[in-house]
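In order of appearance the chains are A, B, C and D, and numbering begins at 1 in each one.
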Amino acid sequence: MKNLFKSNMSIMLVFSAIVLTAPIWLTPLGANYPDLLQKFAIFGLFAVGYNILFGLTGYLSFGHAAFLGVGSYTAVWSLKLLSMNVFLGIILGTIMSGIFALAIGYLSLRRSGIYFSILTLAFAQMAYSLAYSVLTPITNGETGLQIAANDPRYLDSLVGISQQGQGIPSTNFFGVLLKSWDGYFGFYFAAVILILGFYLSLRVFRSPFGLKLRAIKSNQTRMTYTGFNTRPYLLSAFVISGMYAGLAGSLMVAIDPLAGAERMQWTASGEVVLMTILGGVGTLIGPMLGAVVIKYFENIFSALNNSELHQVFNFLPSFLEETMVFIVSPFVGSGWHLTLGALFMLVVIFLPGGMMEGVTKINSFLKRKFGKTDAEESDVSIQQEVQAKAQQGGE
Amino acid sequence: MKKNDTNKSRRTFLKTATASSIAATAPASMFYIKDAFAAEDFRNNPKDSKTVTLGFNVPQSGAYADEGADELRAFKLAVKHLNGEGDGGMMNTMKPSMLKGNGILGKKVAYVTGDTQTKSDAARASAKRMIEKDGALMISGGSSSGVAIAVQGLCQEMGTIFMAGLTHSNDTTGKDKRRYGFRHFFNTEMSGASLGPVLEKEYGNERTAYHLTADYTWGWSQQGSIKKYTEELGWKTKAAVKTPVGAGDFSQFITPVLNSGADVLVLNHYGKDMVNSLTQAVQFGLRDKQVNGKDFQIVVPLFSRLMAQGAGDNIKGILGSTNWNWSLKDAGSQAFVKSFGKEYGNPPSQAAHTCYVQTLLYANACEMAGTFYPPEVIKTLEGYKFDGMGNGATEYRAEDHQCFKDVLVVRGNEKPSSQFDLLEVVQEVPRAQVEYDASLLGGELGPYKV
Amino acid sequence: MDAILIQILNGLDKGAAYALIALGLTLAFGTLGIVNFAHGALFMLGAFCAVTFSKVISFSKQIKDESVTIFDAYKEIPYLEIWWGDFGALIVDFAVPLSIIVAIPVMILVGIIMERGLIKHFYKRTHAEQILVTFGLAIVIQEIIKHFFGANPIPTPAPDIVSGSAAVGALVGLSENLVYPWWRLIYIVFSGLIIFAVFAFLQFTTFGMVVRAGMADRETVGLLGINIQKRFTIVFAIAATVAGLAGVMYSPILPPDYHMGMDFLVLSFVVVVVGGMGSLGGAVAAGFLLGVLQSFASMNEVKSILPGIDQIIIYLVAVVILLVRPRGLMGREGVFED
Amino acid sequence: MTNILEIKGVNKTFGGLHALRDVNLEIYEGETHAIIGPNGAGKSTLLNCCIGKLIPDDGSVTFNGNNMIGVDAHDINHAGMVRVFQTPEIFPELSLLENVLIPALAKRDGTFKFNPFGDIFNEKEIREEAMATLAEFGLEGFSEDHAGSMSRGNKRRLELAMGLIQKPKLLLLDEPTAGMARLDTNNTIDLLKTGKMREMTKVIIEHDMHVVFSLADRISVLARGHIIATGSPEEIKNDPKVKEAYLGEGDHE
């Protein structure tokens, strides 16, 4: 753990550099177009926030997509009623989802374990079903809530901005259109918020508050007898992660002003769970990594077809090329979910710490192989582990 | 490549900002600037490229996936014909036409596809991918009005022309119409206007209707239109119940119909939903019922052959309306059916027809405008009159980008002569009967330049 | 009165599906302690047994359709019909009920493979990890099905003779208006039989006694030196088969697609929770109860008072139960109650 | 001598089982008080009634003059009554240092404090205190190791350290040497007899007589839910009732 925290500053610098240069280094992977980059940033933010709940406290929520949806709807309404400046929409979206998270969290956290998961699932499904049916005046149901040319936008008209007769206005951030720079402004906007959100999560991780959350995950009963009232801690974590979700949801709207009910469905909540686990639950960077991998799969892998596969394998002799394409093709294109599901299972079975654990393992393997001092160290810890296990067995 | 683009648009942005007097005098930063393309440049301008890319965004999963698959077949066929392969299909019957069978403006047509999943979010994401990553110059397709409206909004924002596929809600060319969006398909207002007189003739003036309505823009629109026209006949509306899209099991919505006192069930469903709800309605014995001394009737205002195929015998004798049917005998329809049937072994659906026509219309408009520059293409399409595309003389009305043409009222065929002969045309309702004033549905098209 | 009766029937019909899925789910949970998010996928696999079987036996010969003149079209006629005439056609028609014969061994095998291959390694892991790995498995299973059968629902009709509706009302001397589709009635009866069979098995066989004892106190049974491992596998296979049969019989009601399992999964979890985790009787009772509740909630009279209630009633009940009485209707005290 | 803990007339039944019958007990400030009794005598039940895990049917539990019945466990901790568990209850995934930081933070931050912007690495004062406490128990060398990988003896030390850092007014020890080898047991006895641990008021539940007689100032004997004797080790040794009820059996164990 300590190594991870060695320096706030250097972590943030490296992280920011990687995020901000993404349009460049993602070019060879074909993932450098604004829409996908924005998705990386937004879902990264969502996962980073979700990790504050699931990663730190171990509470598995299957309902966080609901907060994302609430953030989205609030943001669209802010665009419709107040101003096309997304600043307000993002603030309001985050606050509103925080309020929802407070209410749902307050009730759900009365239970733990699988009961907590099912409670959050039930709440989220209710929100989804209602958004789809009775709440259509607010959500516009299946069609999705959009902005219209003749929306009132009271705040904008108050300061004398009128877009009548110009069609549907675009979202802006204090005058700069989010779609400027061919859409890359939207990405940088989301990226800056992601960096801020990541910094916040870093602070939470290394704060006394974060330590207490990790202790709750480790042994909640002990926390109680150590003098902590665990429920407010859990509720704070729940609300914080809910607000991250709301922030992500309103960012989606800032960049593309539309909110659909399907982003609240439980499978959408499942997706953020997948991201977090895949990347490495409880690690700082893992969830972000998971989000990028899944969104990359969803957008690039899913669009691969056989002719592109043939191109990939055309260095092979033709019969081998055919075989490879035959083997690989079920896993790409519309079958990308299969790859995802299989990958996810492998991670849960063999690498419960996610991709980050894989990185650590490879790292220590290399060290063991090439560096002697470290090798000794790890041998010691292995011995200790063996010892501990033997003792447990003896009990 | 990317860097150049960014620089260019940044420059454009600055130019606009300084040129605009609002910008110069704006007091606060909270104002609004319009981005603009210079006349010679626009998003995904093919410039010297030998090909031009079109994006076909169709549902490949979900309740409308059958329609989506057929649309994709039609698109592929249209691309073939545009590139001068195959027998040319409707390119031979379309008039006026400047299509030469050498691509569009001499550039070979390439295409990319996406899956809308019949979800607004997913549809927009895949449209965005096609525009931003694959450089699609035009987006077409879709089999849901919810999706069409969402994608149309996006296309306006991105400055990319959207040639809507199957979308039947009034809102697509009404409340939510866009300058960059065009619809060849008819709408619920036209369905109501054409179906009304036939319903009166067949079922009389004293009927009580019960609506089951897909809960999204199209369902609401169709329910509104049918209600409007049937109530004009003197029908009563007992209840209008909204059902979630893709509900699968409709039994809980159908059972209340049994004892409601209604004698007509209007199913405002489409695709798989309609197949399921109709099948289940028949299973629950609705069609064998007598209510108020009359035979219980089911009406499916929007019909398609694909649905009829799914519903089997249950569809026989049921009335509805459709945009086009393969049994039409005009030269355009025949040419298209022949070409499509030869390629795929079955006749095209109405969804396939509208998508095929839309692709050809777009290509032709580019040829006529002599450029791909969207505002010019839009201006060419607005008010464009054409014929030979299967529905008689047709006009793209400039005010709302809605095509006006004849509408078919059809009935599930009692004695089909072949496995595809599922719909019997009751009446070809002339265009004049279904035309309405553009102001009826409201909306605002928005600017040419974005 | 008719309206009420038909809603009850409809509720029983829905409830039958819920109860059958929840039964297997809670059986696996109660004995094996496994929270199986792939249970919905088993239901879906069952439905696809019916799909596959009916596809195989209606394997067809393509014959040129002379009635289509404008292009070359082909009709498909099942070989069975060509060889055996009407009898062949009858077999094709009865594909769904016949596919039960295939589904039972297939589902048992699937259950055994799943338990031996994966589930067994997760008995000692946390519930969260069980949820996650089975969730992954569910995705994999459904994607495999999607790969072979496509994303679209595949109509799998019931035999012609029961495709209509039964005049239930006239049968019991009530209004003639009261009709109900035959196949749905069959489904209710079928699920009753399956539930009865499972309970009888657990009640009257030694094997069942051990399983019940295991549900009451897993550790003790383990200490008795009984080969728990083998029994666990069999129990899981039974759970899989029950879910699979529920799927087979459901296929004429709802054309199966690869995603149907996920749609039922959440609901059946709710049913299990409402019934009480690990309580077989509770699962069955809650299944039927929620089915009927949902059916009544979707009556227009109810919806006009509480709009949207039909969409959320099941979740609402689950939330209230979890907050007020987490052990559920019939669950034992202390299961997960912390 | 002042009483720090007073248990008066406590009864507790589970179904038909009368686990505690009219238990009266006083713990003096500064003493080490052992509660002994055969298995099932109600020792753990009594302890649980003190720390808020169980609520007695009737009677009173007063700590430092304050009622403790119905008070939440975390508030009882803050009142100054801290429990050390029979099987070491630690935070296995956290490092030893963090394990000790947690109770130190509880002491400082109270039952709840929302401080997500603090920095655990800059909390010099509290870290030094934690390291010092670890050092007292000879654990300073393992401060960065995961607690879960420690030996049982070290886990026990860690838990004592976690109790000690909160500077409790009363430490409740539930069989601190259960399952330990003789050597570890003696080490633990030494730990409890030396340094800060020595002066602390302690209640020890134990059935290893060696431990009890090495540590206790006074002993209470619990049998079938009832306290049959309380007194100095010498008095207890010679009490015939105790011999009959407990010690006789104890030899067999």
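Note that in this section a contact is a pair of C-beta atoms (placed from the backbone, for glycine too) under 8 Å apart; a residue touches a chain by one contact, two chains touch by 3 or more.
Just so you know, these numbers come straight off a predicted model, no measurement behind them.
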item: Longest centre-to-centre distance from chain D, chain (CA-based); value: B
item: Chain A-chain B separation of Cα centroids, rounded to whole Å; value: 35
item: Gap in Å, rounded to a whole number, between the CA centres of chain C and chain A; value: 33
item: Interchain centroid distance [CA atoms averaged], chain A/chain D, Å; value: 44
item: For chain C, residues that touch 2 or more chains besides their own; value: 151, 311
item: Multi-chain contact sites of chain D, meaning residues that touch two or more partners; value: none
item: Overlap residues in chain B, where contacts from two or more other chains coincide; value: 60, 244
item: Arrangement of touching chains [line / ring / star / complete / other]; value: other
item: Which chain pairs touch, all of them; value: A-B, A-C, A-D, B-C
item: Complex interface listing, chain A residues touching chain B; value: 23, 27, 30, 32-36, 39, 83-85, 132-133, 136, 140-144, 146, 148-150, 156, 159-161, 163, 165-170, 172, 174-177, 179-184, 256, 258, 260, 262-263, 299, 302-303, 334
item: Contact footprint of chain C on chain B as seen in their complex; value: 60-62, 65-66, 239, 241, 244, 248-249, 251-253, 255-256, 258-260, 272, 275-276, 280, 283-285, 289, 310, 312, 334, 337-338, 340-342, 345-347, 417-421
item: Complex contacts: residues of chain C adjacent to chain B; value: 2-3, 6-7, 10, 13-14, 65, 67-68, 70-75, 151-153, 155, 157, 163-165, 177, 179-181, 183-184, 253-255, 260, 263, 294-295, 298-300, 303, 310-311
item: Chain C-touching residues of chain A, taken from the complex the two chains share; value: 58, 60, 107, 110-115, 117-119, 121-123, 125-126, 129-130, 132-135, 266-267, 270, 273, 277, 330, 334-335, 337-338, 340-342, 344-345, 348-349, 352
item: Touching residues on chain C, where the partner in the complex is chain A; value: 35, 118, 121, 127-129, 131-133, 135-140, 142-144, 146-147, 151, 262, 266, 269-270, 273, 277, 307-308, 311-312, 315-316, 318-319, 322-323, 326, 336, 338
